[in-house]
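Below are structures written as structure tokens.
The following pair of complexes shares a single chain, subunit A, combined with subunit B in the former and subunit C in the latter.
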Partner chain A sequence: MKITSIYLDHAAATPLDERVLSAMQPFFTEFFYNPSSPYAPAIEVRRAYEAAKQVLAKQIGAKSDELIMTAGATESINLAFGNIKGHVVTANIEHHAVLEAAKLRAHTLISSDARGYVTADSVRAALRPDTELVSIALANNELGTIQPLRDIATVIKQEREDRLAHNNTTPLYFHSDASQGVGQLDINVARLGLDMLTINAAKIYGPKQMGLLWAASHVKLSAQIVGGGQERGLRSGTENVAGTIGFARALELATEHRVYEADRLRDLRDSLQERLTAAFPEAIVSGHPKHRLAGHLHISFPNIDGERLLFSLENRGVLVATGSACAANKGTRSHVLTAIGLPEKVADGSIRLSLGHLSTKENIAQAGQIMIEEVRREYDRVSR
Partner chain B sequence: MKITSIYLDHAAATPLDERVLSAMQPFFTEFFYNPSSPYAPAIEVRRAYEAAKQVLAKQIGAKSDELIMTAGATESINLAFGNIKGHVVTANIEHHAVLEAAKLRAHTLISSDARGYVTADSVRAALRPDTELVSIALANNELGTIQPLRDIATVIKQEREDRLAHNNTTPLYFHSDASQGVGQLDINVARLGLDMLTINAAKIYGPKQMGLLWAASHVKLSAQIVGGGQERGLRSGTENVAGTIGFARALELATEHRVYEADRLRDLRDSLQERLTAAFPEAIVSGHPKHRLAGHLHISFPNIDGERLLFSLENRGVLVATGSACAANKGTRSHVLTAIGLPEKVADGSIRLSLGHLSTKENIAQAGQIMIEEVRREYDRVSR
Partner chain C sequence: MNQKIKVYVGMSGGVDSSLTAALLLEQGYDVTGVYMKNWTQDLPGMICPWADDLADAKRVAVQLGINFKVFDFENEYKHKVVDYMIEEYKRGRTPNPDIMCNQEVKFKLFLETSLEEGADMIAMGHYARVEDGVLKQAVDTNKDQTYFLYRVTGQALQKTLFPLGEFTKPQVREMAKARGLYTAAKKDSQGICFVGKVGIRDFLSVYVEQKPGEIIDKSTGRVLGHHDGAIFYTLGQRHGLEVGGGLPYYVVGKDMDKNEVYVTTDLNDDTLWKKTVGLASIHWINEAPVSGTYQIRVRHRAPLVSANLMLNEAGVELDLSNAERAVAPGQSVVIYNGSICVGGGIVV
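So, the complex of A and B:
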């Protein structure tokens, strides 16, 4: 008999929402035309594509001609960094895509605090006269810590004014990878004070392999993929019509249910956290206690083996992550847990629970019970 | 009443085959897991992904760890060119993606002959001691002309031997964009004598936004998109599982029906060509008379306006292209027609017909009749 699993890894992947699939379906087989073709059915496809971009733009408070559609957050991040020749400031807890792009340039890695929080002061301290880009994620994918982007934007604005006063014409852009925050947080680019924003569809029950980079009109980008000149010459290749339409529908749904869903997930997460920390007073919850994604719970059980725990939970039908999925199958310790200074014995006993659409009051209660039993069994084993 | 259209633009886009969609469907909502996650359902997804890559590899006679999955032919081409610092040889009739990538480097554009044919001798003449890459498409997307890749491979092999004899250690790679040939031609990489091959799924009734670059193990590539290190570090970003599975199914179907389908399309195309040239003896068929894709018919009606013809055909329900879809909505004359030296008055009266799965004996006969009527009407108009 197949065990019905309780999925607690929404930060790694989300199932495609049926409503999103329905929106995409006609563009697979019926309206399959190349949006660059000149006849009416293809022009209809082009219109549907442009309309979807407008929906996406509206959700983030931008103009649709400022969006470049990509194959996911990683490509968007690479595009955001592509034209940067000068110094880059980012944090040591960022996603690998940002860290690897930063490594190709002069860069400063800010240390987050023990909660995975990147303060505006630490950004200010890292800025140099030749800094061209600050890239800070909206929320950390392992800990769920939400960063103070508005405060950082204020620091960047001050720096720009200083440069103006000192005749330093080096441009300074503020980019955020918001892959993990969409659907739970406000992502209005003006309110966040950004110049560039990366989001993707795969984390919000949309199609995989679908992302976008928003770049304000004053940002100078350079094409990473050249060819037919689609997306204003910044990302050539036939447009992903079905994917963009699915992305738009997914973001629309995420925005519509954002406040309700965040409240719902926070209640579920808090009840789970209380239950686990009550059962195991030695457990350590990481991430910012207040500024944290509603569905995230990063918890460490000192001295036990998180990977063993993951597999024993899996045997009971509960699917969790040990760390970021990208690093998960490499057998290396999470760079985020090292960065926040978690001792090895604590870090190695960590699991990340990320709640989402598949979480219900019932299955979270059940998961809590199973976790208590399995963590206890692990502690019994190591203390023997 | 909606006119049922006769689609004669398979070279621009193809509808997703229902069998391909069926293969992909489970990976949208049920097996949605991140292939990098460590639990069993995600490992199943990883296995399905790897199995699909093996199917793809087998179809082209390669090993699956030599494939890098991408978001389409344009990205694949950019990746193939990415690590090239030296001189590049390509042809003046190549797709924009190849031409734009070549323009970023020292390059020589070979002139094709009037049939759009790129001879091995012309490649030999263009080689320089610092040439690192020769990139010639398997078949031209506008004319359908099939290039003599094996002969070109022989020239390249000779050049490599010469270099060895002269202690010239500059590597020389042979890449082919086979986007237009898949499903009609043999694409075994060893038989073609290639080092790198680009193909995509969108032209073979597979998912859009899905391509691959095959690179022999001796080829040194550099990552264009950095991050989590997927695809052997050469193309980061969560893998496109559903897309790859759809691509594999599409290529399998294309290979299975290749000979039958090519024969079927050739018969249909030839009958259409005969009918049109019989009705209009002044019509000029471009492309190689013998080495030409079975479904392609590029035909010019001197002195009439191809774009007007396209729209009058569309009014009668027949969808055709004026040129390459990428260039189609830019109002510029096709660079391919200029390259083969077609006089303006001929080039401007051109349409490209590309047959495929949606073509039947009945609708091709019907399209032929409509075309004869509409071309005649255009000639009547211009001679008034």
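So, the complex of A and C:
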């Protein structure tokens, strides 16, 4: 594998792990059979598929017949919302997949605080007697802020008890999109108090277009894609066997290395953050200082143009993200940065750095140096 | 030496305007890159890639370390260029939106906005030369774009730089490559910018209702077939007639009221060839020329042909030394005096 640039956008996409690729490979060629076919080799494929789902289920503390495999997280989210007719509560910093699904229904958007943190109290305040779904991501994709899902689950549990006491039979489900925290955080659906969970493989060195929805057995879902009745009739279409095998292997590997990798990334991230904030005291780091994904660093350089910075870094071989395209592209400023109340001058100078497997002590040090040079160059130009 | 001269360069995200900015910077100008956001229409299956073009323009500006801005001319462009074009087609004419864009947007609105913001001059990546407000053909005569510039004023040109006018297109590619410009190998855009790659017919279909009409053989009066709107046909056109068999048919005329298209197989048909051409909506870049012999061009990249020019009350009457094929109403004819582009007018 040859990657010449310094990649600092692991939150957008990750390279497939070689071990994941090896696990998947035979299922493209040798074990290509349709898992629904009756002959022996196909049955073997079916077994491998079921085994992979069991691995996935085990990793999140669930049962494999509660998983519905989907083509990515967005589809999983659409499935989670699909049967909801009543009111929905979610946060104004959620991913577009959740926001757009919420907008199709009666909904309340909770405001996060300036750190991108959604408190349990704010969820409590937004609940209505007809609320059927609360959907809060495990971690925010731009800021890396990790949400207090257990506290929110407690609020939801209380609400359910209240409803029982008042003969309100409206069901209330708690869903979380964990696309951004999976593999980095310990996810156990029972411990987190969830009814539904979305995860995907693309952010954990697995294949793209591979996700799943876990839904507890009491949750009523309705199929969004109908056909041959695969996945308990909830998601028709021939099973993506290779993808599921890869997903399982990727999640297994992520779990195996989770603690070590999180420590490693946190050290690298913190050193980069310290270096940049020391060089530019005016820089603003967003996200929760404590509850933040280990590889995430969202930093804003007031009065410079984040997109310019992205291009100049790209020119030097450093790939980063900007949630906020230039002010000239009006209307495309990140909704997350607006939601947490960053002034435009700050928001427009933002870049998101997300570290991962491709990050090393050397290339992070090098990236830090390049960033300092390029940010300085931009500040010099602006002040000319 | 040019240090204090502030130049706003129109950067489209293509190789020509990228190199234009680079050259001016090297010549010591104080350069600001500006992307003009003009009106675009996303048509099914074909998206005008303006967002990518904007990003490319900005990438090059960042590479060069120059300031970069976006001027949003969407409304004005739609009003002055797109609506004009659609109206002209509805009248059965064949307009040229690029000429209108230069007249109304690039060398008027863009110039005025740039000057208001403190620029001393503007620059464009056109293949043309300016000397003291006089427009001259580019050194690369094959690439020369003065045809599109004949409706620009001398005053505007006084404030305009065309650094590419001295170079050939291959040289420009080479120079862009040598400087490592991000857009050095980018393909040139095709067709009318806001129409994208779909072609004028698909574009017009969005705005004009299709109305079936007859395709009639001019000499026999016989109905040969049907079309879905006379508006979609232009003089001299051969393709898209869907009249099968035998010799190819060419459009020799149309009646917009009757919605009829007239065709012929006779390549020598009188209507296809014009030896005298009347022009209206005359525009002279500087002072009006005197009557006499000039060179004219009836479309972009067409060879120059000699013509006798007579000024009259209606405009200009041209007597061509050789008849020209398919000179359609609405089309521009541009007049040259040697290498100098004098101006021109629109075929009546």
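Simple rule for what comes next: the second predicted complex is superposed on the first by the 373 of 384 C-alpha atoms of A that agree within 3 Å, B and C clash if a C-alpha of one lies under 4 Å from a C-alpha of the other, contacts with A are read in each partner's own complex, and residues count from 1 in each chain.
Methods note: a contact is a pair of C-beta atoms (placed from the backbone, for glycine too) under 8 Å apart; a residue touches a chain by one contact, two chains touch by 3 or more.
Because the structure is predicted, anything quoted here is derived from the model rather than measured.
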item: First, second, both or neither for A:S64, with subunit B first and subunit C second; value: neither
item: First, second, both or neither for A:R308, with subunit B first and subunit C second; value: second
item: Subunit B versus subunit C as contact partner of A:N92, first or second or both or neither; value: neither
item: Which superposed partner A:N168 touches (first subunit B, second subunit C, both, neither); value: neither
item: Partner chain(s) touched by A:T119 [first = subunit B, second = subunit C, both, neither]; value: neither
item: Touched partner set for A:N188, first subunit B, second subunit C, both or neither; value: neither
item: Touching partner for A:R377 - first (subunit B), second (subunit C), both, neither; value: second
item: Dominant contact partner of subunit A by residue count, subunit C or subunit B; value: B
item: Overlapping contact positions on subunit A, where the subunit C interface meets the subunit B interface; value: 307, 311, 314, 326, 328-329
item: Partner subunit A, residues of subunit C touching it in the complex; value: 35, 51, 54-55, 58-59, 61-63, 65, 67-70, 72, 182
item: Of all residues in subunit B, those that touch subunit A in their complex; value: 5, 9, 12-16, 18, 21, 28-30, 32-34, 36-42, 70-75, 77-78, 95-97, 100-101, 104, 202, 207-209, 224-230, 236-238, 240-243, 307, 310-311, 314, 319, 321-322, 325-330
item: Residues of subunit A defined as touching subunit C within the complex; value: 307-308, 311-312, 314-315, 326, 328-329, 377, 381
